[in-house]
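A single structure is presented below for examination.
In this document, chain identifiers A, B, C, D and E correspond to the written order of the chains, with residue numbering beginning at 1 in each.
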Amino acid sequence: MDFSALTSFVISWQSLVILAVFGISLLIATYSTYAERVVAAFLQDRVGPDRAGPYGLLQPLADAVKLFTKEEFFPAGANRGLFVFGPCLAMTTALMASAVIPFGNTLLLGNGEVVRLQAIEVNIGMLYVFGVVSLGVYGLMIGGWASNNKFSLLGAIRAAAQAVSYELAMGMALIALLMVTGTLSLRQIALQQYDGLWNIVYQPLGFIIFCVCAFAETNRTPFDLPECETELVGGYHTEYSSMKMGLYLFAEYINVFVASAVMSTLYFGGFSFPGEHLLYNYLTASQSELFAHNVVTILGTVTLFAKIFFFIFFFMWVRWTLPRFRYDQLMRLGWTMLFPLAILNIILTGAFILFFGNKEAKLDVSKEAAPTEIRTVARR
Amino acid sequence: MLLATPVAYQPADYLPIIIQFGLALAFVAFSMVVSHLVGPKRHSKVKDSSFECGIESVGNARTPISVKYFLTAILFVLFDVEVIFMYPWAVNFRELGMFGFVEMLMFMGLLLAGFYYIIKKGILKWQN
Amino acid sequence: MLSIILLSVSGLANLFLGFLRSNRVLLPAVMLVLAVVLAINLIGFDTGQLADWNASPYFAGMLTFDRYAQVFTTVMVLTVLLLLPFSQKFVQDGNPNLAEFYSIMLFSLVGAIMMVSYNNVLVLFLGIETLSIAMYVLAGSDKSNLRSNESALKYFLMGSFATGILLFGIALIYGATRTFDLAQMGVAVRALPAADPGMTPMLYIGILLMLIGIGFKISAAPFHFWTPDVYEGAPTVFTAFMSTVVKTAGVAGFFKLLTIAFGGDTSGFWLPTLTAMLVLTLLIGNVGAVAQTNAKRMLAYSSISHAGYLMLALVALNSETLSKTAIFFYSLAYSLSTVVSFGVLALVHDQRQRDDYDSLNGLAKTNPLLAFAMTVSMLSLAGIPLTGGFFGKFQLLSAATAEGYIGLVVFALVMSAIGIYYYLRPIIAMYMKPAEEGTAAPVPVTMLQSAVLVVLVGLIVLMGVAPGLFDGFLA
Amino acid sequence: MEQTIPEVIRTVPLQHYVFFAAALFSIGVLGVLTRRNAIIIFMCVELMLNAVNVLLAAFSAYRADPNGQVFVFFIMAVAAAEVAVGLGIIVMIYRNIQNTDVNLLDRLKW
Amino acid sequence: MLTALLLILPVVAALLLHFVRGSAARALALGASLLELALAVYAAFQFNGVYSQTNPTLELKYHWLESAGIAFHIGMDGLSYLLVLLTAFLVPLILLASFRHNYDNPSAFYALVLFMQTGLIGVFVALDAFVFYFFWEVALIPIYFLAGVWGGERRVPVTLKFFLYTVIGSLLMLAGFVYLYYMTGVNGAMRSSDLDAFYNLTLSTQEQSWVFLLIFAAFAIKMPLWPLHSWQPDTYEQAPAPASMLLSGIMLKMGIYGTLRWLMPIVPQGMSVHVGWIMVLAVIGIIYGAIIAIRQRDVKRLIAFSSLSHVGLMIAGMFTLTDKGLQGTVIQMLAHGVNVVGMFFIADVIERRTGTRQIAELGGLTRRTPLLTVCFLVILLGTVALPLTNGFVGEFLLLMGVYQFNPWLGAVAGLTIIFGAVYLLRMFQRVMLGPDSSFSETITDLTGSELAVLVPLVLMVFWIGLFPGTFMHISEPAVNKLLVLINR
């Protein structure tokens, strides 16, 4: 690859966006730990962390410092290399996943440059997310196996079995969505919902399945059997301490973040919000198109984050509300309920599209959404 | 047939992914190194022994585990491949129309037959 | 085509039939299905339009069920049909997975049929895999028996290795010819040296790799080494399946491939390789078989040598009709004889728990029928007149002679002279050695089994006495 | 749709794909021939299959002929079936001899 | 049709024998073989004008492998007829001889003998190369089982040796036939393995000599020609008496017949290349057989080696390629068949009475066994080729032929008569006359059934000896035709 591309890229706005996305996901991960406690406290009607800083807002930083300064521990008979590699892998994959998520439409700069509020737009974004996220389970596996501890091993195996079981149903649910959208690019999916109905309307069942699977994939309660302290002490991270432990925790929260983002993009219109074209038209009446477009874009980004935060909250809400499954129940749910449901969903979707839906594909907004096109989209 | 939009991507377009990968790697490495340097190191025989709720750990930790897990994995492989077959179909669903739909119904029929078979075979009976 | 559908559907149905409490219905059910398929094929024989290579194509011409396919389908279905009764041991043992075994056999049969009716390399590949993967399972079907496990593993590793090589060959050839369709591939291959000389090395490497894969699949030397172990370790019935159906499908399928795709002047490139493989195969098969003390292992080596004989037809592919007929005749005779020999071995093994030569001692006294059937099959395998094996061998030889491979023919004859030595050993054991203590009791044989044995022997002798009846299907 | 594919791929010359696939394939073959652990042999076989997939995909892209990619799909499916069977066999053996070293399998002489 | 009947009858009988036991089996077997004999004799009248007949008659031809141009083509000319007659004449006697033994599973034994008869007759009447090869092997299988199952204690290795020898030979023959068969199609003609098609072949001398070697290997092993004989004595010794009779009396003639019918006329030039060393080997065989025979202690082995020596003479005579030589060979085939069967039978009779075949242990048996002595003497003299016995005619003609071919060889070959006289008479003198042995008093004379075997043989000895014309006329036209073909 020629380096001119590299250099020209590094000094472009796009690289800024990447940095932003990266930082945001880390930030959200950090503060999720805080949020988790606050939500827990709220749901259990008690006071959460409130010492470090106002409302304990500095708590995460304190945690970080603590994690860094803790002794790192290697259990006897552990495979050191893999022991370290496990959490690293988990974290890396988690951080990678957010690359293709469209956090907003384009920003138009004065010099006519167009900046996508998305690290990178690839036509197979959805597959990318899947691939990277499902890599994450290797981190758990490796870590659990490497720590030479029965609990860890069991946790790891559970994590793997659970992950694969629910990935099936998840993929199937996704296929139904694909039949509606006809593309794998997250950005296009979002743009398709830019005007008109969100996919949740077409895919209620699919969303439910997807959501359940997302819980399972991120090992959140009620599916947190890989790390359920009541049975397995700490599950796969029983033997972990200091920042390695921290990486596992972060990875989990980042996955939650990504899952929320994906869900909101796929089913809840991504960075689109009701009445955006009205606003656009209103603004263009007084201001320049450039300004109008950017305002709409920024608002869209904000809405997207709103949706994401809601889903993160939803994750925590469920965690502190629902009890944990038994393992065989978990498996049975995944295999004998979600899987057939997903297939049913596919068949229903297909039948619906064929018999009621419009035959030609949804409007293909594959080209870079420059303001003019956006307007056409919006006005239609 | 091919999973591609009319936009012609150049390999350079995938550069951001590499960059993000680099960032992630950097962060991870950083945290690892720092925690390694900063943290105290006081080893002892007992402390290093793997955790078993305080009692002596017995036997090899990496014991063979229930074959059910292997079965699950194998089944996943099988069914996931079927799912792979569905992706291109789903993307081109409208182009294929009724023909594709019927074909896929057959396909799923066979899939469900196998599914029913394994359920009946007791793959998910974790009790025994 | 109907046979393929019928077999696969019944295979599925059979799986669910397995959930019934008693699995005694399975064997009759499967045999019934096979009989029906056999009948369908036999009825179809006089439909003249099937006579050429590609009649009535299916799936956009990827699969054609022509006379060629029909003839070999008949051979294989007949083989399996006559082989099944010897699997009754499973029924008696109340084996929980019986239904699976039968279904897998049906599925692998489907694969075999695809291998002889394909018209597109993709279908060939699918057929091979359907067949092989099923066979991996069957080889290991005796779960508690370590030998069976081991043979399964070896068969699996070697088989998938071969698949990889075959596929790489296919990929390279695809790169060179831009098609998977057999006929187009043939055209492209013949045109290539002129059209795109840059591609020819890729093509040739591809062909060589495919040959290697083929060698593995039909266990031709030097890619035969897995065969004895696998054949010895696998349950005898499935060994018989492997050594009959797999070989027939393999040789027939690859004959089609080589003739249509790589025939003509291209063959000048790979024929020497194939010939060398043939010579080596015959040598190793026969010499190896002489050294054995275990009847089953001897049959394994002999099956290697028979692969060698069948390769004579591959080498002589330019006189097409002769070779086709020869392959048909030989594979039929060979399959029937092999079924008999393995069937008898299976029965003896069930009672005496061993399958070395001495376990056959005095069989003539205790079970005259078994001994006689075994004798006939041995003579047929040895190619002695009065049995089908003779005319099979004769046709192969005359095909090779017609192509002018006199040296090969003489070599093959010398080899079969060696073969006679080891084929006589079971006969000697049965007729001329006294029964040892422990082998004195007669081997239990059900009515069905003896009936099938009689039918098989009848067919073998009929082929040997009135070969005209089996003549001219592929003319 | 087909004619658009080549520009995508042709930024990398075909030979690179061929050499890459050949290298992968050779690695797989060597692994099969030299390694002694059944699982690793098995993985090497899978490696060979994937080398084939790469090659087929590359060719089909350069030839603007989808058949190659269809073939890849089938190879994937078959490979999955092989994985299923193969793992089953290996697990079965492991449960019998607590090992997957093919050298230990000497009940039958090679 | 009659020919086919000759082929089918024994098989049918053999199959039927599967269902009957005991005396019924014997009756059936004997009856079938006698019926066969009757058919064979009837065949003589069937083709009248047989004496002028050159082309095979009583033909039958139907497509066997149409696409390959192989037909099931059978028929008889004088040469074939004589051998068919010999077979049909000897088999009943052999069966009769076997009745004295109580083999286990006798009906299987008889069935195999009859099955063997089919094979032998098939070989003699085949007019298509592959039919010939087919029956050639078919004749081999039953004799293998006869010798292997009912033979002496060293039977297994011996029969294996015999089988392998023969089969390797016949496979080489098959190679030769396949080549000829292929050559019939070179000039675009439809390939055919018919005898006439082979006769019409025109091959280079080089090809011919190769084909000759391939095919002659089989025949030489069967005859056997000297260096290839090593299977013979063991097999004769180990096989049960009836099997030995079949082997030496009939089967051995297959080789000679094959040479006459399937070798000489087809590849004459190729043969003429090799005649020289074959003659030498044959003569060596004569001397070798005789000398070894002299040194034998065991009656059966002695007979075996004497037969080797006689066969050597036949081969030598045959390869002179003169009408005398060929006619002599034909007559000698009959005579030798009769004699050797008789000798083996007598050896069997004595063994059954005394329980030994060692010449040293026997002696002075004549006193109580006049009939045995007479029959023995007659057949012995026949073998020695005393004038007026059957042996004389053949050997005389053969020796004349060899002498014409090469006086020195003739002279050496002439030794066979002297040697023969020496060892045979010495044996007779020691076994029958000589000092008394423990058996001299106890031994009993021939029984009725044994007489039933020996009397026909004795009569035949004199018939051939006194009226050889009967048979020579039958074979003459065929032989002349052969000569024409050979000298083309």
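Basically, contacts are C-beta pairs under 8 Å (C-beta built on N, C-alpha and C of every residue); 3 or more make two chains touch, one makes a residue touch a chain.
This one's a predicted model, so the numbers in the text were calculated from it and none came from an experiment.
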In contact with chain D as well as chain E, sorted by label, we have C
Chains partitioned by contact, chain A not counted: one piece
Distance-maximising chain from chain E - centres being C-alpha averages: A
When A-B and C-E are ranked by contacting C-beta pairs, first comes A-B
Chain with the smallest distance from its CA centroid to the overall CA centroid? C
Roughly how far is chain A from chain C, going centre to centre by Cα mean, in whole Å? 54
Chain C and chain E, separation of their C-alpha mean positions in angstrom: 42
What is the distance, in whole Å, between the centres of chain A and chain D, each centre taken as the mean of its C-alpha atoms? 32
Calculate how many whole Å lie between the centre of chain B and the centre of chain C, each centre taken as the average of the chain's C-alpha atoms. 40
Give me the residue numbers in chain B that touch at least two other chains, ranges are fine. 4, 6, 9, 11, 73, 80
Every touching chain pair, please? A-B, B-C, B-D, C-D, C-E
Would you tell me which residues of chain B are touching chain D in their complex? 1-2, 4, 6, 8-11, 64, 67, 70, 73-75, 77-78, 80-82, 84-85, 88
So, in the complex, the side of chain B touching chain A is made of residues 3-7, 9, 11-17, 19-21, 23-25, 27-29, 31-32, 34-36, 38-42, 47-53, 57, 61-63, 65, 69, 72-73, 76, 79-80, 83, 86-87, 90-95, 97-98, 101, 104-105, 108, 111-112, 115, 119, 123-124, 126-127
Touching chain B in the complex, chain C uses residues 12, 15-16, 19
Of all residues in chain E, those that touch chain C in their complex: 63-68, 130, 133-138, 140-141, 145, 148-149, 155-156, 159-160, 163-164, 167-168, 171-172, 174-175, 178-179, 181-182, 185, 191
Residue ranges of chain B touching chain C (in the complex, touch as defined): 110, 113, 117, 120
